[in-house]
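The structures come next, written out as structure tokens.
Look at the two complexes coming up: chain A is in both, with chain B in one and chain C in the other.
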Partner chain A sequence: MRPNLRGMVKDSLAAAIVAALLAVPLLGFHLSGSAQGLTLDYRFGWVAIASLAVFCGRLALSLAGTAVGRSLRRRRQVVLPLSGRPSRIRPAVGWALVAVALLLPWTPLADRNLIDKATLLLIYIMLGWGLNIVVGLAGLLDLGYVAFYAVGAYCYALVSQQFGLSFWLCLPLAGALSASFGVLLGFPVLRLRGDYLAIVTLGFGEIVRVVLLNWQDVTNGPIGISGIARPTFFGLPLLASVPGRTTFHEFFGLPFSTDHRIYFLYYLILALALATNLFTLRIRRLPIGRAWEALREDETACRSLGIDPTKTKLSAFALGAMFAGFAGSFFATRQGFISPESFTFIESAIILAIVVLGGMGSQIGIVLAAVLLVGLPEWFRDLQQYRMLAFGGAMVVIMLWRPRGLLASREPTVRLAERPATLDAAGEVLP
Partner chain B sequence: MDYLLQQLINGVTLGAVYGLIAIGYTMVYGIIGMINFAHGDIYMIGAFISLIGLLLVGVLGITYVPLALLLVLVLAVLFTAVYGWAVERLAYRPLRGSVKLAPLISAIGMSIVLQNYVQLAQGARVKPLQPIIRGGFDLSSANADYHVTLSYLQIIIVLLTVALMAGFTAVIKATPLGRAQRATEQDMTMASLLGIDVDRVISTTFVIGASLAAVAGLIVTLYYGVIDFYIGFVAGIKAFTAAVLGGIGSLPGAILGGLLIGLIEALWSGYFSIEYKDVAAFGVLVMVLIFRPTGLLGKPEIEKV
Partner chain C sequence: MNAETGQPLLTVEHLSMRFGGLFAVNDLSFAANRREITAIIGPNGAGKTTVFNCLTGFYKPTVGRLTLSPPSGARFLLERIDGFRIAKEAGVARTFQNIRLFAGMSVLENLMVAQHNRLMRASVYSLAGLLGLAGYRAAERRALDLARHWLDRMGLLAQADQTAGSLPYGLQRRLEIARAMCTEPAMLCLDEPAAGLNPRESQELSRLLLDIRGEFGIGILLIEHDMSVVMQISDHLVVLDHGALIAQGPPARVSNDPAVIRAYLGTEEDEALPPEVAGDLVAVPHSIPSAGQPPC
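Our next item is the complex of A and B:
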């Protein structure tokens, strides 16, 4: 079909007019504040630029749309039969990623900066994998996941400061405490579904943050906790010198370098994240994992088949929260400083976005989404002020482009040997 | 007693604002079953446009206050409605009929975009405004040392909310648009088979929600006199809580929920601690949902396999 150029121009003009209407009040006028009050500046040039940009963008999109749309449809058809068969590619990609992650500090590319950023990225990947248990597997929408992360972080910070326990003792403690918070949240919301659940979990996250902010005696309020103990390499501190103790570099006879700690932290979070991943992959094959996925698909059917929704939901909340607790105590030990600032709703939103954009339930998809959403903006830190704008924009655009997530097709949990595999996966195939 | 009366007055005013925002959530949820996360930010944009409008009428030299306010109200409603419409068109309409979580994520993304857009365009600093409507009634009992005031602005806010509420209930009940909305709410496919332009109905819903949010934005700008780009988040959460509390999808429920949240907040701040007022609001929400999972005025859902 011949592209209808006239229609496209008309359409783009309409878009430009809407853009101008949008831009006039907020871009066209600028409130400049002074001690006496506010005054108005005018910047109508910006409005013109914005509408022109929208016009060109819209026109380019519609011109490209015809060609791109056709090629996209063709590609989809190639994907369809593949997604039904047991994929040999995906585990291979997974192992390759693990190998890359393991070898990264040894490549010539690696410097402190890169490893530090990779560590941050791995925290988000781990949180994504943890939340995936709740959202991806059990299908419970949790908008307050960051609360458990905060509980883990504060648990480690407080216990290590007050009782002098080491990171390795605090880690299970933080996990257990977060898990019990998960159960605590789980109880009242057992009867709720979907969006009611979302708002209560959101409220729970806010409650935890407000308590951290205002319970001055324990949490030190908005100032936060600083001087949190750094982790030790199996009892060897990673510091220049500690009186009365052998440090890491003395034990191994290496010259002291602060890099050791950065590299150690990187491997630590890599191990924690991989443990989360392994746990998820294995538990999907256990009865409890299957119960989660069944619950996600249909709660009423589950109930009538004798699955106890209470136990199933609570265990999902608890286990998801536990991994957030682990990640939280790692975060505390890495930063050495925590405050309620780090645990705002936006963090929950980022983690949920990673899970959904990754393609609910796909472990590799979560890695991909974390790299896209957290990793890339991290490299463009110079454009600080546009970073969040781009982040939000990316969330919308990726969702529009792939509503089911980047890696949409899920591996079937169970395969029956006697039937052709394509039939088993029929429900999982793309529309 | 006087103190309680003052807290009640403040609570009702605050509740009216929450109720106005909550209507936007509840209507959108009723029709397409999604949490419009960006709605709080639409309200924030409404507040900013109101503030700009207020300064603009000052520049234009309109000094007669009722006329100026009416003009600002119209401007704010119109431009905010365009924002509401554009957000739906850009971020939600392409995702209709997709997986349930997709529009939610898109909405969260949109909320981040709007917040940062306003921050970049208007600066991150708090914007102050001199009070425009001053004065009020003194309701204190004789020879009390605590003064209870009911300001004119508070009366206007409550009256405006009641009028809008009554107006929109009438629209939903009696007009062809309201009928189309209710039909779309019940069954989108069936409604479109019967010749209802579903897309248009949904767009109108967003426009109405955004207009009411703009009214709330203007009210808040006048009432508190300070706004910043972040006000949408907290107000949005509170308003959504109000919508859920009242039973999501129900218009009177939204107002009732808004009033309750406003009263709880005002009373809690007045008698216990101002820091934990959010905890109180969410606490009540959790309690209500435990005992009435569909909210106060919501209809129970029937679940089928």
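Our next item is the complex of A and C:
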């Protein structure tokens, strides 16, 4: 198809006129204060420049967009494309990423700072994978996910301080408590869908934060909880010296270094995140996982097949919340200090953005999105006050380029091609 | 013919469904037998789909009793069971007027989702499934075999790993029936399964439904506008108009019923009758030969 130059010029002219109309009140008049009072300056030159810029920009976009636009239109399908053949690349990429993550602390690049950043990144990846169960698989838009993260963090902080339980005992406890909060939230909102659900979950997230902020006796309010117990290496404290106990470096005969703790935390969150991933990959192929996806596709049809929408949604909420609880306890033990400040709405929004940007439901997509969303603001640090502008611009570009997320194609949970009919009547596998 | 034939599978007594001041269904009573195809027909807005929605738990009937007596000997009062449990416990499966597949999932996955409850039991709160225990794996293999059986039967084997939404319309209709059959129902409710099919596909559908009736001995409830299909395959006809029953009985008798002709074609003042409509109503030969199944 040849580019329709006339149409483009017309379109650009229209855009320029709209821009001029908008620019007259916004740019054209300027109030300036002086000793004589307010004076009105007319700046129609600016208006002209702005309209000209819009005209040129629009024209350039349409000229450049003919090729890009075609490929974009092709991608905008109603149904998620299924990858036609079992992908060999994706598992390979996955294993490569795991290998990189495992070896990262041993590379010459690694220093405290990098490992610390990577730990933060892994927390977001784990939260993304957890939220993916709720949003990506079950299709329930949850804007208050950070509430469960907060529950996990406070659960660990309070239980370990009050009862002196170790991290490994608190971890399942925090997961269970978060999961029960998930059920608690799930019950009243089950009848809601889409936007309404998003609003209620948003409210829930805020309620949890406000309670944490105001329940002085228990949570210490805005001051937060400090001095949270650090994790131990299977009972060996990662500290310089603890009276009456053997510390990690004494046990292994190493010189003491604070790096040990950083590296240990890194491997800990890596293990937790990988466990989350393994769990999701596995449960997707189970009936409950398929029911989640079916529920996302069509709830009415699910009911007609005898699937209990209540239980299915609740299980998604609870499991998603559980992983947030695990991540929360890890967060608390890593920071040693938590306050309601860490659990604001923007955290929920970032986690949701990671899931959506990754391509709803794609595990590797979430890793890429987390790297972009948590990594980009770091790279853009040199841009100073334009940092968030560049970040937002990058997001817009990505969503234009990949409207369904970075990795939008969906791998079926079961393929007939891989399961040749090898069964005899008794259901035994034939050689 | 099997001794079960003629025993009522579903008894509808005095069913009424009211939306505000409107009676969508008004005091409807009929019975559908096991091993029979019962067609519910009537002009648009007669309340056919409302009856289906009451039967499958999407609506709670205002008044009425709906009794399902499957061959197992159990008895279910459908109006008292809520929503999804009708499909899960009583074994009523349905399809929808506007096809409702899980469009983004593969064809095979659609059939696996249909076997959810059986697989859930085998997966023991997903624990046996997560651990990959042998009991669950065997259940999954059986589910795959059932799915494969229906894919084969519907001629969908080659498309098993495609997205359901990408199938052509006729195949989507068949997949929806296959999905309903994968729940192993006692009663199958089909809401306009021939809508949008070409004549050849309609013929295939008729044959399929006769085969299902003969092979599984389940009752089939059918809403259909395509009179050639209805007259060919149904054993019993229930005619609704404005929510009320106006005639029921064997197709040959019902099609000559003056009340039915009036409802479909209007009273004599309505002059302009499209000839094809009148032609449809003339009883077509009652049965088509089907594979190994003598017509009832």
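The working rule: the second predicted complex is superposed on the first by the 318 of 431 C-alpha atoms of A that agree within 3 Å, B and C clash if a C-alpha of one lies under 4 Å from a C-alpha of the other, contacts with A are read in each partner's own complex, and residues count from 1 in each chain.
What we mean here is this: contacts are C-beta pairs under 8 Å (C-beta built on N, C-alpha and C of every residue); 3 or more make two chains touch, one makes a residue touch a chain.
From a predicted model like this one, the values you see are computed outputs, not experimental measurements.
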(message) With both complexes superposed on chain A, which partner does A:120 reach: first (chain B), second (chain C), both or neither?
(response) neither
(request) Please indicate which partner A:211 is in contact with in the superposed arrangement: first for chain B, second for chain C, both, or neither. (result) first
(message) Let me test your reading of the model: by the given contact rule, A:305 touches which partner, first (chain B), second (chain C), both or neither?
(response) second
(request) May I ask you to decide whether A:63 touches chain B, chain C, both, or neither, giving the answer as first, second, both or neither? (result) neither
(message) Tell me the contact category for A:110 with respect to chain B and chain C: first, second, both or neither.
(response) neither
(request) Give one of first, second, both or neither to describe whether A:294 is in contact with chain B, with chain C, with both, or with none. (result) second
(request) Counting touched residues of chain A, say whether chain B or chain C comes out ahead. (result) B
(message) Quick check for you: in the superposed arrangement, does A:286 touch first (chain B), second (chain C), both or neither?
(response) second
(request) Mind sorting out which residues of chain A both chain B and chain C touch, each in its own complex? (result) 298, 300-301, 304
(message) Using the touch definition from the top, list the residues of chain A that touch chain B in their complex.
(response) 18, 21-22, 24-27, 29-33, 37-40, 135, 141, 188-189, 191-192, 194-196, 198-200, 202-204, 206-207, 210-211, 213-214, 298-301, 304, 345-346, 349, 352-353, 356-357, 360, 385-386, 388-389, 391-396, 399-400, 403-404
(message) For a test of understanding, state which residues of chain A touch chain C in their complex under the given definition.
(response) 78-82, 84, 279, 282-283, 286-288, 290-291, 293-294, 297-298, 300-309, 410, 412-417, 419, 421, 423, 427, 429
(message) Under the definition above, what is the set of chain B residues touching chain A in their complex?
(response) 29, 33, 35, 45, 48-49, 51-53, 55-56, 59, 75, 79, 82-83, 86, 90-91, 94-95, 98-106, 108-118, 120-123, 125, 127-130, 233, 237, 240-241, 244, 248, 273, 275-276, 278-279, 282-283, 285-286, 289-290, 293, 303-305
(request) Within their complex, state which residues of chain C touch chain A. (result) 56-58, 83-89, 93-94, 96, 100-106, 108-109, 112-117, 119-120, 123, 126, 129-130, 138, 141-142, 144-145, 147-148, 151, 157, 160-163, 165-166, 179-180, 183
